[in-house]
Amino acid sequence: MSETLRTTKHDSRLAVEIAGIHFNNPVMGASGTFGYGLEFAGLIDLNRLGGFATKGLSARPLSGNPPPRIVETHGGMLNAIGLQNVGARAFVEEKLPLLAQYDTRVIANVFGYSDDDYLEAINMLNDGEGIAAYELNISCPNVKEGGIVIGNSPVAAARLTEKAKRAAARPLIVKLSPNVTDVTLLARAIAEAGADALSLINTLVGMAIDVNARRPRLNYGTGGLSGPAIRPIAVRMVYEVAKVIRIPLIGIGGIASASDALEFILAGATAVQIGTANYYDPRVTMKVIDGLTDYCDRQGLESINAMVGSIIER
Amino acid sequence: MSETLRTTKHDSRLAVEIAGIHFNNPVMGASGTFGYGLEFAGLIDLNRLGGFATKGLSARPLSGNPPPRIVETHGGMLNAIGLQNVGARAFVEEKLPLLAQYDTRVIANVFGYSDDDYLEAINMLNDGEGIAAYELNISCPNVKEGGIVIGNSPVAAARLTEKAKRAAARPLIVKLSPNVTDVTLLARAIAEAGADALSLINTLVGMAIDVNARRPRLNYGTGGLSGPAIRPIAVRMVYEVAKVIRIPLIGIGGIASASDALEFILAGATAVQIGTANYYDPRVTMKVIDGLTDYCDRQGLESINAMVGSIIER
Amino acid sequence: MIDTVAIIETNRELTPGYRLLTLNFEQEIAARAGQFAMLKAHAAFEPLLRRALAVYRIHGPRQLSFLYQVLGRGTQALAELGTGGKVDALLALGNAWPIGDELREFQFIASRAMSHTGEAAQSDRPRKAIVVAGGIGSASVLMLCAGLQAAHIETEIFFGAASHRVALGCGLEDFRALDLPLALATDDGSLGEKGFVTAPLERHLRAGGGADATIYACGPWVMMRRVAEIAAAFHVACLVSLEAPMGCGFGVCVGCVIAVESDAPLGYESYKRVCVDGSIFAAQRIRWEVNAMTH
Amino acid sequence: MIDTVAIIETNRELTPGYRLLTLNFEQEIAARAGQFAMLKAHAAFEPLLRRALAVYRIHGPRQLSFLYQVLGRGTQALAELGTGGKVDALLALGNAWPIGDELREFQFIASRAMSHTGEAAQSDRPRKAIVVAGGIGSASVLMLCAGLQAAHIETEIFFGAASHRVALGCGLEDFRALDLPLALATDDGSLGEKGFVTAPLERHLRAGGGADATIYACGPWVMMRRVAEIAAAFHVACLVSLEAPMGCGFGVCVGCVIAVESDAPLGYESYKRVCVDGSIFAAQRIRWEVNAMTH
């Protein structure tokens, strides 16, 4: 462990636990927006970060979709990256050793086109050192193979969760799709299948059109909508799921400030992940951590855990 | 008919037809954001407007939800009005006569807590003069009765559509809920049940929390998300539905400019409705109509109809 | 009602967090004391919705000013604009403060409600006025005070603010310049009496100051509720200008409602829109106990 | 790489739609010719994403300027800021224009790709430079020209713009002040030769002007593609600075990619990020035919 680690002071009121894993605080970088963590080393103190989820890792490296891959919309952006990633093997060999020096929890986000793909990636990652948990990305809308998205079907999602749980040498977080009629059905099925925690939400499927060129703005056609625009939908889903599920939740969707993060915590999330905001405010994770400390001061809290799901019904 | 009518000049390139109804242009006010139309008489020339959908009308007047009913979010707003309305009877007797002087198409948006409620309202409206069509609101997320929203279930939606079509003395538009896993299933079921046209989307269910008071910002708890934030989701849904459905579509969701409206038209909508933007830009409908005229000039179009669904696939 | 783009003459900070915005209009604006405008930085993308600000002063047929507190995203965006900047403006909105004979209509509406609640009826023609301004609520009542003065109605002002600094930001000097009796209270005691302005108000009524008077009040919700209670206890007619989150400002979104006593069947009339049915209401009609209305 | 809040010294319109933004920084900024910054009005809510602008000039260790065209929401928001205004800035990003010996690395990368496409190899040590600036692409190459001049590399500038007015907005006077040979073309013929600047460039190479030269080009995508074709036809080494919609500017969103020739198995290396792998690329590596890359 590095010199920095020993000197970084943590606010112990912010510590949380998910599936037996200790996080110094509930603030993490979201998958696909935080690279392999290392990209942020020059911008923030990674030792202060609760944790982060890696870019979706597949058994084999993926080159992703042709450009254009992103387009900004009002309050958000659409992306169709197509899960470009170095592959689980290269992650274990090239990235993990570099991450060992930081006191932050590394969550390996796992992706595949089939159940077997997922299991293969998990098996590769089981060899790695310094991974705290897996996050199963069953909700990426930007890959054409596979037909229906696994994450939109409670049955398919539960089946994969069960298999993944058996294969996984670490706690298993499953990331929920918001593109469903009833997210609680999905959550229940996945929780019953053995997931240790749930993270939500992934992006909503959207589209933007260049009306002069008369073409989709993204080469892929549709993309995933993220950013502040989707926050109300995400908060609602966390709130709904928290009411029916016992396992811990990680809230995601449009968080750009401590107040945004607190909406998720009050709605029932034990921790949060910040995605898109990292792009336009690279130090946002640090600002949110500081803001949570201020909130604890203001509200006289001994632990942020007291706030989890503490919303007062009208 | 009024003096104004005879002097209002329409750009004939913008005329569209939906279920046999002629619209001077494809730009309408969306239900719940355009009152009974009359509220805009002092702000815009109603004779220039393609049409508008009334506030949701129920068989009996409704008082709506307790305040606070609205809260602004990034790029949008949440509302839980609870369908406060004068009732179908009062609309026919008090509002319709005043609307007769304007050359614009009046679409009566219909709401109920049960199938029978809907039919009762339609029967009351059948007596009214000057209604061009009905729009069935089966997708309002802000009313507690009735348990599951009819509009989220293809079976329930198709059943209601069939009954409403039989009762309706005018063409029937059914308004789709976006809070579903697969909007095409819903669209197909409703089209097969006899709807003359579909309008989409209604609001997405969302929530905002006051983290200091630790309460939902809306008294109702959750609310419907509207505004530019949701446009990418709405455009995607119109695009998906247009691929599988033959009846005309009316695109709705976050439109605030002619370019926004054109995204829906290219995706497959014959006309559009503008909602939230009327609040912060009361003359937005007129600006969009002017913008469509400019677009026809620029692209050398003889009719905007040539653009409907004309997106070039990548 | 006019929807237009106004040009900023000045946008001056009075004290930290409080500003005076003076706008020039292309066309003549008819505005009365108590009315408001929906304002927003021209064509700004975010926030979307315009913000309600009371007309503070009329400088001429094409020039108005607004006094505002910089709170959240909307007022912050306004605060950033400078001279020559553009503002989207919809105005003049809402009802106006009734003076003299105009009070009759309000009395009528109020007494209908009062027959429900069993309150005593008011004297028909109040010749005195008590104006209560709480915080930036002052913005709505400066022109009212001047109007009352011009109509030779005996007027007393009760002016409350958080501190001396805030009082200055809320236009205290303009009120002082009217040369009307003025009772002052600040939460921190840095100016005038320490505490809420409802304390001197209550003493005044207890001493009989409410006879033949109408109370006109504008300020935060909790304060309005307290003023209404005091007025009812001393049987003094009371008008309040209320706030609510506004979507449109012209009656169409039905988002700005407050709960009122209602005679209508099925309770259809139980909610009134602050923007077009108010913002000024007879205090007795308000169902203050609908707690969700506080912010 | 520094993420900071800079203060505006000036933000001046040169000609309609073109502005020069000069920023003061708290800390020393190390920036090289061809690098860029991600900029946005400080803490602005909308648009969310910062915009990429090339470093136009370095006035001192803590003062830089940027030349930009006002296009959409992001640059419009920047244009509205005045002296003293705040700008969120992440910089310095991307690679720099290689000069002299630095060219070797680029030659190496390029030749790997060329072995695929069968292009001829370049002379090892070009002693001449041809700088092609198209429209606001000029912003990326002013410091390059000065650097080439300082390194005593024989340099010719080919400067293209839509019109005389646009040319001035794109800093023409600053290029003229360098006193280097400069060929000018405008689309409408209002200044210099009428047509695209690729025409005089092609004539120059046809006349042998490309011998021992490296082409450095920055401009719109279609122009870059055409310059690359011309360079390839005359076997002249060519570097281009490319644009792509950027999410982050520091390599993490993988949104700004362009397709390149790749040696890696499974095509994993087939996309390169403009922000960290570029924005400067050897033209021969670019897969121009990936049509989706045009905007």
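Each chain gets a letter, A, B, C and D, in the order it is written, and its residues are counted from 1.
Rule of thumb we're sticking to: a contact is a pair of C-beta atoms (placed from the backbone, for glycine too) under 8 Å apart; a residue touches a chain by one contact, two chains touch by 3 or more.
What you are looking at is a predicted structure, and each value in this text was computed from that prediction instead of being measured.
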{"item": "If a chain touches subunit A and subunit C alike, it appears here", "value": "B, D"}
{"item": "Remotest chain, subunit A as reference, centres from CA atoms", "value": "C"}
{"item": "Gap in Å, rounded to a whole number, between the CA centres of subunit D and subunit C", "value": "56"}
{"item": "Centre-of-Cα separation between subunit D and subunit B, whole angstrom", "value": "47"}
{"item": "Rounded Å distance between subunit A and subunit D, as computed from the means of their C-alpha atoms", "value": "35"}
{"item": "Subunit C residues counted as touching two or more neighbouring chains", "value": "45-47, 292"}
{"item": "Subunit A: positions in contact with at least two other chains", "value": "74-76, 219, 227-228, 314"}
{"item": "Parts of subunit A lying in touch with subunit B, wherever the complex brings them together", "value": "73-76, 78, 152, 179-182, 204-209, 211, 213-216, 219-223, 225, 227-233, 235-236, 239, 254, 259, 262-263, 266-267, 295, 310-314"}
{"item": "Residues of subunit D defined as touching subunit C within the complex", "value": "45-47, 73, 82"}
{"item": "Footprint of subunit B on subunit C - complex, ascending", "value": "1, 3, 40, 46-50, 88, 90, 244-245, 247-248, 250-259, 266-271, 290, 292-293, 295"}
{"item": "Residues of subunit A touching subunit D in the complex", "value": "32-35, 39-40, 42-43, 55, 60-64, 66-72, 74-77, 79, 81, 84, 86-87, 219, 227-228, 276, 278-283"}
